[in-house]
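In the two assemblies presented below, chain A is common to both, partnered first by chain B and then by chain C.
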Partner chain A sequence: MLKNILDKSRQVVFPVARTLTRSSVHGNVVNESPAAVATPAGTKTPLILPQNYGEYAPVSRNTPRQAWIENTDAVQERKVGLIELHPDVFAAQPRVDIIQENVEWQRKYRYVSFAQTKTRAEVRGGGRKPWPQKGMGRARHGSIRSPLFKGGGVVHGPRSPTTHFYMLPFYKRVLGLTSTLSVKLAQDDLHIIENVDIPTKDGQFLKDLIAERNWGPSVLIVDEDHMFPANICQATDELGYVNLMPSFGLNVYSMLKHDTLVLTVAAVKHLEQRLLYQLNRSDAASKGGKFKLDQV
Partner chain B sequence: MAASGKALLGSSLCQKLTQFTRNLYSQPALLSSFRSSRQVQELEKYPEVEVVANPPEWRFVERLLPPETVPQPVAQKDYPSGWRPQTEDGSKAGYYVARTKNHMVPVYLQTRFRGQRRITVVRRVQGDIWALEKDLRSAVEKSRNGKLCATRVNELSGQIHIHGDHVDVLRDYLKERGF
Partner chain C sequence: MAHLRETSDKALKLLRTLPRVQIGNLRPNPNSKQNDKRGRAQHGGDKHGAGNKGSGQRQNFMRLGYETGNQPFYLRFPYEPYYKGHHMKRQYPPISLLQLQVLIDTNRIDTSQPIDISTLCNSGLLKLKPAELEYGFQLTDDGLDNFKAKINIEVQHASEAVIAAIEKNGGVIRTAYYDPRSLHMLVNPKKWFQKGVPIPSRMLPPQDAVDYYTNPKNRGYLANPEEISQDRLVLAQKYGYELPKIEKDSAYEMLTTAKDPRQVFYGLEPGWLVNIVDKTITKRKD
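Coming up: the complex of A and B.
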């Protein structure tokens, strides 16, 4: 039945999509199109967004995933429409090994170890020969801070600061994103919302919404634009377990850190477009090789 | 200071000095080098230039730019390189070997221990990887007159490792099968 809906609605999609795209930019401003005013509430045309495979033919033989688009204007869940997700991004092979490598990389590349020990030169004292070389019947020693001595220096101890910076190969980072998105979708931890325009700045609204829809406990809300509307900013400000992120900042670690990933339709489109471009770009070889610090 | 410097630059004395220093070099000036180039003139002496946004000739420039993504191959009867387009979608065989983004068959050779260990790797396998492994092994064993060959299957990452260098055999086999 869904397929029928999709096939029938391919013609009407694009005007709908155009009205949808960036309503959240305007924040609280309600701009109702004349068509929406004319139809009574509740009988709105559903938002059906089929995938355009003309640009990037799917490599994955998995069936394309479909996901409900949910509303955010009320606590009660309402299906606003249906979106078809590209199988190369949302039905990719769940490479848990690559996901793990991504998480390890994200932990390590910003970690600087400040563990520090003193060598024999840095330990106070020890400049004098403790006893003569010969004639005492004792072992020969030149310093009481030698590593053989109690309270002496440490050989090959940790030296501060030690950076653990490295770069994961580019396509491992791309595959990490597609794998994690696919895993999140398969585990029913990925939800797609119409936009991030919530009606109130009260945090309780979001709490109720999350409890009602069985999201969470922790929720990561991702939109394409980095400027979120004022309401959702104020509502999530007090809630430590609900976080906002632009889609260009989406990463494996954050997706796994939060239980539920909530994407807006615009964010889904942006992620699909960027990831499919990376998977199909003609100059992919330029992304290989050693990481250079000055890349500009 | 700056004004006087500009006046000095513009003066004929300065130009003569520059000519003199350029002539000082015993080596003849190469074509299109700094020393052989003409000095920058006043802006009025150059022809008028109109800046146009999106001119119709821009498509000729676009034709020279490389495509952003790998284009689809042009359909031909046969290709002189021996390359073949993918025809199979895996519904019949139960497994599927996806082409790379450059439309090549993903069979590679991995060498380790200074080339002493050669392993053929078939990547991007989807579906029943064990059935494919059986078929690939029989193809390799047929090419070696029935001599056994060792394989390893990584189902998680969709890869099959085959002991020895059988890249050409397996590429041809997969292309023959339509993958």
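Coming up: the complex of A and C.
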């Protein structure tokens, strides 16, 4: 435990430890390889996954991002390999304002307010003139349910159902995802694992793993496939703060709801492919139109 | 973009020393939200900034051009000949050679195919609105010195310098007229094919455009091809470059591809029916 805290504090003191520049990474890999990427005899050799810039060249090649691929077969952390992340997705401008707009949109678009008040017409009674217009020495009134009366109707009160649905512009949603992923990586809250095959269905294993690696407490685990293996499903079932999600469902709100985001290598590749397609498509202007219901 | 790259890197470095970005500590940009309540008293109350009485308070502004009793400017002069028929004049939105070169360099245009209005519109960066009397593109000479591509292009208007710049690189340029319906088809072919209607034939140009499109100097599509090849040599001599021989070019086939004056799409003849669902073409029997 103490060692973990020391490790974490070392990362704060030397912030380049996780996200390194290209040149320094190669140096570090060479230096650290005997210790950090040491693999037990008989297992696979360390995996290096370089970024293929052939299809989508990054805006800048000076800000590459690399991350360790971690194991999930044991509580003890072991670096299985190194993955190069696309800077347009994982080192994008961290637009915190757009992240906020995404969070607000995700809260509002599905929210329907059922608050309801009665108008003077809907309140029971009040059809009769309470007293004659003149001669009583009292103020003139036509109904005891007028808004001036106690127990009368409400003017401009909330009416049910009120939808708060709206669509955030498409590229604000795309930018929200790239910004959040970049923020998570920059703040050491993004971890990459090789797969989601854990050896046991016991939830304690995940608890130990999360404590050992200083994740969380709340963790969102994302894989490309929506059918997760039985072990991890059963292990996370009883842990309310560890959740599973397929990468097609990844969203800004869920990423921020959890302290740590854990992506599998397949999920990283899928997210990169989808987001880079949207960032580079030539008919992007067609996505800027007004939102239409039931559009294809 | 350079400043953006630097700021993103700086911002991400700064974020490493800041508390974790969470739902609880996010807030919108300052002053980005409009308050939907009207201030009271000293907070913009009283008349709420609209003043006292009159058009300011009632928001009933004078109609456009009205000059409070004077003879308005737009009625003062009885005759403006330079606007005569302006609602019928054909518009040709410009694209420059620089824009074209950038589109080619960024892989938005494939130079191994002939370029026409469809190619330009499908790049996603250029728009043509036939409903607003835009009859096609004119190619302008901005970026003329940096134009390096060898292309076969069909536009609706081009100047002599532009024609020379394209032919100097071994390319081919042609100016052609399209009637509004053909333009409508070319702007978004996919949408038009979805109608499932046989392709109509292209109309011939109107009287006042015939001279332009039959002139070999403009590389008009109705000009005599022999006169055009003669004029290619004349232009090369005038601008002082050696005309590359397209007969010996490996892309000879592509460079000499041209549409029939009645044809709208490359490779598709009038009367053919394109079924975009089954991806089949039904051809005419004769």
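Going forward, the second predicted complex is superposed on the first by the 250 of 296 C-alpha atoms of A that agree within 3 Å, B and C clash if a C-alpha of one lies under 4 Å from a C-alpha of the other, contacts with A are read in each partner's own complex, and residues count from 1 in each chain.
Following the convention adopted for this analysis, a contact is a pair of C-beta atoms (placed from the backbone, for glycine too) under 8 Å apart; a residue touches a chain by one contact, two chains touch by 3 or more.
What you see is a predicted model; the values in this text were computed from it and never measured.
Asker: Overlaying the two complexes on chain A, which is it for chain B and chain C: clash or fit?
Answerer: clash
Asker: Contacts for A:60 in the overlay, against chain B (first) and chain C (second): which applies, first, second, both or neither?
Answerer: In the superposition, A:60 contacts both chain B and chain C.
Asker: Taking the superposition as given, does A:291 touch the first partner, chain B, the second, chain C, both, or neither?
Answerer: A:291: touches no partner chain.
Asker: Hey, is it chain B or chain C that touches more of chain A?
Answerer: So, of the two partners, C touches more residues of chain A.
Asker: With both complexes superposed on chain A, which partner does A:283 reach: first (chain B), second (chain C), both or neither?
Answerer: Both partners, chain B and chain C.
Asker: Mind working out whether A:111 is in touch with chain B, chain C, both or neither, as first, second, both or neither?
Answerer: A:111: touches no partner chain.
Asker: Between chain B and chain C, whom does A:96 touch in the aligned arrangement: first, second, both, or neither?
Answerer: Touch partners of A:96: chain B and chain C.
Asker: Touch test for A:257: chain B only (first), chain C only (second), both, or neither?
Answerer: second
Asker: Out of 23-31, 41-49, 77-85 or 95-103, where does chain C collide with chain B after the chain A superposition?
Answerer: Between chain C and chain B, the clashing stretch is 95-103.
Asker: Enumerate the residues of chain A that count as touching chain B in its complex and touching chain C in the other.
Answerer: Looking at chain A, the two contact sets intersect at 59-60, 62, 93, 96-97, 282-284.
Asker: Spell out the part of chain A that touches chain C in their complex, as residue ranges.
Answerer: Within the complex, chain A touches chain C at residues 12, 15, 19, 59-60, 62-63, 91-94, 96-97, 99-101, 103-104, 180, 182-183, 186-189, 253, 256-257, 259, 282-286.
Asker: Which of the residues in chain C end up touching chain A in this complex?
Answerer: Contact set of chain C toward chain A: 1, 4-5, 7-9, 11-13, 15-18, 20-23, 26-29, 32, 108, 122-125.
Asker: Using the touch definition from the top, list the residues of chain B that touch chain A in their complex.
Answerer: Listed in rising order, the residues are 66-72, 89-90, 96, 98-99, 101, 124, 126-127, 156-158.
Asker: Touching residues of chain A toward chain B in the complex: what are they?
Answerer: 56-57, 59-62, 93, 95-97, 277, 279-284
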